[in-house]
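Sending over a structure as structure tokens; questions will come in a sec.
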């Protein structure tokens, strides 16, 4: 018994089976099949391996972004001069990846809780009966104000009048503000961490540089005006009514090369709109929110309401790293061999069904267990039988 | 020499090898093997290609979200009427993807820095010795207040009393607020950008519509009450103690179809809890944070402390796009051919080890270099030898 | 006609073709080839399947994070005692995934809009001509102040003096603050939702526990001092000038096991720097932003400017789940079979080109349609011809 197993193992190790093949010497078939096989080989090596880098596995990054604005704004509204620094025009102040730079505003000072008539044009009325009920947008008191001919509401008074958006925008100086972006990405599968302050981008360089798509594409300091124009917008338009701009930090890296070649690319585009469609580009324009500063005046709670029009900047990190990996390599080779098999099947079809001498090749290729279609169970066919003999 | 190479190349191009095969005419083996092969073929075409769309490559999106709340809240606490507008009840105000809508609050007005006794129940004492030391939570002065029998602390005084959460919640009107979501997604690999304001969702439609899961599933305006009920929660419960709700914007797109079919789906669920487990559903309930408004009163810095209970809404963008790609298609075909090869191996095992006529088939299939197991090195087997001859 | 089709179908189902093979009985070839084949098999089973879990498909999660700080800070600047609670030292207050804990600050109280000379050292001047023009950083009035010998600017006055950063940091007590992280992840493809409050981490446990990498790795409550030291920084250094720390919540899950084994791991590291390079580690140190509190004093708008130095904490969720899936399994098998085919090709090359008896094996393996290289079109080779007969 033990001998048997030893024999089987030695048989297994000392034997090797290889498929028997017909070598068809036919120019037409040969050329056609070789070309098909070379095509498949070219596809596997050229496209899958070289062009699409099928021997690499991919990874996307987790990232962290910190931003810092610099610059001072200046407004002169009816002779009142004001300066606006970072603490005043950036929301939120702590340097998030998504923030708003105020470029225009409608200020309503000294609001206090009370009852006052609505603005003309909203909730017009002729008598108190027009002001009955209410809505979730306003709490009406049911009284029609005789002077303005509008309903009286319970609200922060005086109510904000946002019919007229200041033009030109009050903070056109925002064009000269600068934005500093600090971005770090970690590719967890490859265990690589990179910062947008790559080699050569040191404190000295940062202190003087300004981003330019060609001249200094790695400088992490951006002028607001440049960001807007690179996104394809007009600064004054977007500064007046606000807008949403995405700054895409694109990390497309190949870690088969030195890690130093993994550098960010910055792209700018309007969010919420397809730049191809003229109509939709407008979707990115128009961004505002309301913001209140509360205070007490003579023990009465008051607030300053700001309707802020601004440029909302979203720092969007997009990443795709690639590195040689055994698994995708061998999967690509393995499935390439499979495709190669398909090529053989195609050639066989040509050989066996299309060529004039197909019957000859069929006989060369196939050996039949039985020529007459009878069941081989009858042991008659136990000697090798070949057709066309 | 050159001739030799030319010959080799012409040989290579004019020759074609194809494996020789045995055509076994046996009903049992034939049916079994054909069924196995058809099964593999059905799996590859039916499942991998049609059901799992194995001919497509996938991509996830980078996205940007902007939100805007609308609606006015109204409270009447002990006769004091107050209105709350967006600038007062949304934190942060600038329209982030994650924000809090205040639905209830505990207000502590006029706090100033100083020394005052703790609330009854916390740091009870009978004499000063009980109030020695301190902790990182409170700075104790070491004095036991005789009136309240609690330790005196250095803190913003008077200390906040948050034992009793107002019930019903003060801002039940939050149920009627509406949320507008603007979301844009970009699939970097496919180069497609989509906005949730898809075709047909124009300014006119938005001005009137309200999201309804069946009637208007694409309207980007949501009523707070609907969001909570679609998440499976009770509004009053969650409004009282706060809660965290996720609004998932699901972009599952097939870019082999027209890009217009790529539309978002909105789902709502409680965060931090598994809706299946009754116990864990509670994990999503209970959300609060403290927020202070600082002011000066008679040159003394004071603050109004708000313990805000609210609904935290996280707009979560989930995306998966698919598009025809040559690489996965050919990988699927290639590995399908491989699986086909496995089917052949299985059939061969049946043929060579299970059938009664296995010896016959073995002889048909295999040709031995040598019948007696002797080493072929002895050149004796240099002519073709076949067993059973 | 119909008969013909029936015949073709029955032929198809009752026939089965299997490749004919040569069984080479040669120790050297046998051993080499078997070892190659076993190697490929070991690679497929051992590496692709067992080690790399190639039978699983992967998914990354969408996540939601909520944070809550606890602890009270205490400062004593020139005899003025102050306490700082969560509402004062966390920016923003609502518990975002990315927030700043103030550890040091430069306060400039009572600023009002006006004209005042710059700080000594900035914009030095001897006469008004030195102060002409201006920059986007400051609005100069063109007057040289005689006392300070600096240009006068239109700004919030008095201007902030941030030359001296307080040392030791004013809020060293931040070391004892605690951070509570609530994190929920959803794997959309697998339909699994998990929270970092896993089984066993209930309200009772949370009330007492404190994170420790070995003793309580699942406790979601972290001491600030621990976070900094686990990131490899010195608390006092980072507290003085600020810094950015990432808390990575790592969800690496295998859903072939019970879902309860899917637990988070917490890692801590400095952002914006590579810990390997000593020079770059500094990139994570130094974080500050300016923040203003506006108020009215005697009807004049004033503000308190805070230059906040703090620890910015980014909760970064990193996720990778794996689960058995038919498609990758069969792709792995299929391409494994393909690799197997490559092994056979290699062995054939050895057999046909390297062995001394290669001509013998060539004749065994190949059958030629024609021995003399003439075109088989001449119908002369229509009977089976084998060389060496």
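Labels for the chains are A, B and C, by order of writing; each one numbers its residues from 1.
Criterion: a contact is a pair of C-beta atoms (placed from the backbone, for glycine too) under 8 Å apart; a residue touches a chain by one contact, two chains touch by 3 or more.
These numbers come from a predicted model, not from an experiment.
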| task | Pick one for the touching-chains graph, please: line, ring, star, complete, other. | result | complete
| query | So what angle, to the nearest 5 degrees, turns chain A so that its CA atoms land on those of chain C? | reply | 120
| message | With touch defined as above, tell me whether chain B and chain C contact each other through largely the same residue numbers, more than half shared, or through different ones. | response | different
| When the centre of a chain is set as the mean of its C-alpha atoms, what distance in Å lies between chain B and chain C? | 16
| message | Going by the contact rule already set, what residues in chain C reach two or more other chains? | response | 17, 19-27, 60, 92, 295, 331-332, 334-338, 341, 364, 366-367
| query | Quick one: in the complex, what on chain A touches chain C? | reply | 12-27, 60, 62-64, 66, 68, 70-72, 74, 81-83, 85-88, 92-97, 173, 176-177, 182, 184, 186, 188-189, 193, 195, 197, 293, 295, 297, 304, 326-327, 330-338, 341, 356-357, 360-361, 363-364, 366-367, 386, 388-389
| note | In their shared complex, chain A is touched by residues of chain C numbered 17, 19-27, 29-31, 33-34, 43, 47-48, 52, 54, 60, 91-92, 98-100, 113, 136-139, 154-156, 244, 246, 248, 250, 271-274, 280, 283, 287, 289-292, 294-296, 299, 303, 305, 308, 312, 314, 316-318, 320, 331-332, 334-339, 341-342, 344, 347-348, 351, 364-370, 373, 375-377, 379, 381-384
